[in-house]
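Multiple structures follow.
Two complexes come next, and they have one chain in common, chain A, joined by chain B in the first and chain C in the second.
== the complex of A and B ==
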């Protein structure tokens, strides 16, 4: 069961929003290993030392994103980076806001294509939410997104796709 | 007058300055001072997300997050109400401004925020299947001249030209600019053009797409079109370097 870390990065490379989550689906394979930690469905299960450096991993991929930003005209940049088993997928909007998703690649390799498609769909829906947030006149570009409703919606999307 | 200013100054900054001690009531909501720990999925949150009833916390029926903003129907508003609103905006800017240049800057600033939002919204409405990000100067200009203009003003702009003398300068011409359709400029205001607001929209859209530019509106009347306006777009020099690297 994979854990995910999503962060939205503003135009000045400032984080707007972060969330950690994991697959909500009832797990079949983890009965042996993490019986105690997996009591809460949906909570991310990164190791503490990995968890600390997640923002750094996300930020270190920004250089790669900046580079590919002008060489491709896709919104979804796909898999841009990997770091000791953590995979980094990225998405960039027309307004230069980046969505970065880091996840640990447990037990995949067989259906990574399928994963990438799911993540792409997830990003598109998060982008939809972001634009709705942007339409709020009290929200300005590059403000942190503190709305509880936005948080709920992102987590519901996470539940839907992962 | 000072009362008017008090109303307009929003508390937008205060909304994003949550302190480290503030904890959300229901376990949702990101706190930038705390980081991802602030909206970690608690057992209650997990149960809530997994349950089928979604109306416990989101009891606001008119939330923007529940609305479909991609819907293409009923997007038109009446021109007269828009003209009244714009009239009031010009009036408000005028009463605060120190001169014609200042007034244009203020109008530009108002439009800037509209542009920043609209470019994302229009890209979203176009859909992601057939769509792409604009990464070239010419392509984004064509996008603004065509799709963007049509989405905001209901028609495409009339001309898109490149300046012959100056590098990095482009011009978009609109024969009848929608916003200043009902505005006549008194003689003593000279070069004032209220389409500075529209220039601001373009500038906001270009800037947020990382095409840093300065956009100004100039009246260039010709016979038959007394309101004809040229939007002069001057791109930052760094853009041509970026273009030459990737071409």
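== the complex of A and C ==
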């Protein structure tokens, strides 16, 4: 089961929102194994030493995102970086807010193109949610997104796509 | 703009030329000369070699206005402010150390294979060759390096630590057939005029000459010289001249006289480092001895020598290098160029080499067949008869073969800083080695091709700009394929991966050099990163990856440095990169220029203002560099090296605020990276704790 870490990063490189989750789909290779029994569906399986640097990995990929945003007209930047087996996909909004998704490729038997398409769709839906959040008159750009509604909706999207 | 701080690649390049590509001079001193120095220095544990060794680094221990004149193959004379040499024990001694270690290894090898034949654990010292011949030994032991680096990190920090690591990897006095940098160029006999006679000197030389040297080493190329120590108060120079003439007439060797005066009591002392140019094993041995004797005598890494003797030795060595060593090398190079290289380059030589190639291929297949049928004895006798071809059993070319001599020619011209000529020679001889399937020679020559090419490009005075096509050719046609090839040869074919580790680290530094010299870091950045990560993986494979490692920490640090120095900004726009104001928010215009509350104007306090670094957005890699520094800091935290951590924290100050250690416990006013579940927060809390405990104990 792949684990995912999604963060929304503001224009000052400050994280606005972050969530960790794992693939909800049962892994074909480990359906009957004991590993699936110990893991709760949806809970990320990052090792402790990876978890403590996840936001830094996302932050470091901003260098590449800043660079690659000029070379494409799409908001979805696709796979921008990789760090010790963790792949980083990114999406940039019109307001220069970045969505960064770091995930480990362990156990994903599907091809990467399929993955990238899913991630693109996921990013687009998260962007919809983010725009709705921006419409809130009490929300300022670069403020942390603390709305539980937003959180639940993102998690539902994660469940839908991964 | 010195951010991030780290070892300047040009310093690394200079150290490379000092410690690896410098002439090796072996010294053999008579017992009486040792006693003479011991009595002067009041130190019974010192040898003449130990005193001379530091002076090899004549960049550090120089004389006023020194300059070394070297004429290159184009007959252009250039002078250099320094020309370091390495002093080592005499060849028989060096070889005996090498042979004992290799025999003990082969013994342990055989014992492990007989007793635990099923064991799959790979010991780095146990190297075997697939062909079943004599094993080649590793360049250094990775575990020893790790132990040494952990020890060094107690005393040295900052960029010195990476430099120490780098120096230890590139410093070696191991004699191997396939590269001649560690083959002595000169042999100096040191005698004491008062107590040694010409007969004893003759005996020393005869004993030396009678030693059975390895078949790949040509003793005729060795410059033999004598240093005569004498007390200038007791003897006149006339006596010495007579003695010198006598030596010249009977033994046919040149000599230099070194007057040693008994120092006055008020003579000032000069500190000499005795760890100059020491290898990993020597360092570990010294540390172990120091730890043993720490209770009785406090030992240091320095010796003190009277100023008068110090300046005499400096002057005499300068004279020796300028008058004997450099001319000797130049003459030999010219001779080999005429006799071996030019015929090879000529049309007839080429035709001959084509025919020989066909002939040699047959020979090779015969040899291989022999190998396959396990008749090694037969095979080795075959190769010994045909002195020109490669000995597959012991991996060498005979000393008189063109292949060995041309390799030496290229190595010596590299030592004399004629990098372009060296490159063309390496490139020429490479084909012969490939035809002979002398893999170890091929790998070594590929290494030297890259090194000489990069050294030539980064040579001072080489002010030509570099165009994209040249860069592309250097990278895609030379560096990348050669590195892949030589890594495969060293690692898989011959099981001596430490050689490939050394090559990679040298090439990383030279690539960083070329990146800074021509501002092309954007072009080589990913290659350097890839090689550094490859190095980390290789070291991790050998050492336990779960425990903290000093080697991994310094390599992470270098990765951070590489990315921190990488810019995608062209030279004309470099001034936009202002480190002091990087990432600061620009003040809104309305606040600066216009008075507040002016009629008709509305100031929006929520408006986002651009940062000062907008013009270089996406053209730097500071954030990527910071994560590597953080990973390095993590290793040092586990090893509890607080000074190194504080130094490395300075290299991430542009991205993360590292000054506010006080408010990390204030939850409302905390930066995202200071959270206690994240690495940087953990680091800051660790330092805070350390500082409070040290102040409370003080």
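The criterion applied here is as follows: the second predicted complex is superposed on the first by the 147 of 162 C-alpha atoms of A that agree within 3 Å, B and C clash if a C-alpha of one lies under 4 Å from a C-alpha of the other, contacts with A are read in each partner's own complex, and residues count from 1 in each chain.
Simple rule for what comes next: contacts are C-beta pairs under 8 Å (C-beta built on N, C-alpha and C of every residue); 3 or more make two chains touch, one makes a residue touch a chain.
Note that the structure is predicted; figures quoted are calculated from it, not measured.
Colleague: Record, for the superposition on chain A, whether partners chain B and chain C clash or fit.
Modeller: clash
Colleague: Looking at the overlay, does A:141 come into contact with chain B only (first), chain C only (second), both, or neither?
Modeller: both
Colleague: Would you sort A:118 into first (chain B), second (chain C), both or neither based on which partner it touches?
Modeller: Neither partner.
Colleague: Check whether A:53 is in contact with chain B, with chain C, with both or with neither, and answer first, second, both or neither.
Modeller: Second partner only, chain C.
Colleague: Let me test your reading of the model: by the given contact rule, A:149 touches which partner, first (chain B), second (chain C), both or neither?
Modeller: In the superposition, A:149 contacts chain B only.
Colleague: Between chain B (first) and chain C (second), which does A:15 come into contact with in this model arrangement: first, second, both, or neither?
Modeller: Touch partners of A:15: chain B and chain C.
Colleague: Looking at the overlay, does A:67 come into contact with chain B only (first), chain C only (second), both, or neither?
Modeller: A:67 sits against chain C, while chain B stays out of touch.
Colleague: For the overlaid complexes, name the partner, chain B or chain C, with more touching residues on chain A.
Modeller: B
Colleague: Given 115-123, 151-159, 529-537 or 601-609, which part of chain C has C-alpha atoms clashing with chain B after the fit on chain A?
Modeller: Clashes with chain B appear only in stretch 601-609.
Colleague: Do chain B and chain C touch any of the same residues on chain A, and if so, which?
Modeller: Dual-contact residues (chain A): 11, 15, 55, 69-70, 140-141.
Colleague: Going by the contact rule set out above, which residues of chain C touch chain A in the complex?
Modeller: Answer in residue numbers: 568, 585, 606, 608, 617-624, 626-627, 630-631, 655, 672-673, 677-680, 682.
Colleague: Could you pull out which chain A residues touch chain B in their complex?
Modeller: 5, 11, 15, 17-21, 24, 39-44, 54-55, 69-76, 92-96, 124, 127-141, 143-153, 155-156, 159
Colleague: Per the contact definition, I'd like the list of chain B residues that touch chain A in the complex.
Modeller: 10-12, 15-16, 18, 24, 26, 28-32, 35-36, 39-43, 45-46, 49-50, 54, 57-58, 60, 63-65, 67, 69-70, 113, 116-117, 119-121, 123-124, 128, 131-135, 208-210, 242, 246
Colleague: In the complex formed with chain C, which residues of chain A make contact?
Modeller: Its residues touching chain C are 11-15, 51-53, 55-57, 59-70, 83, 140-142.
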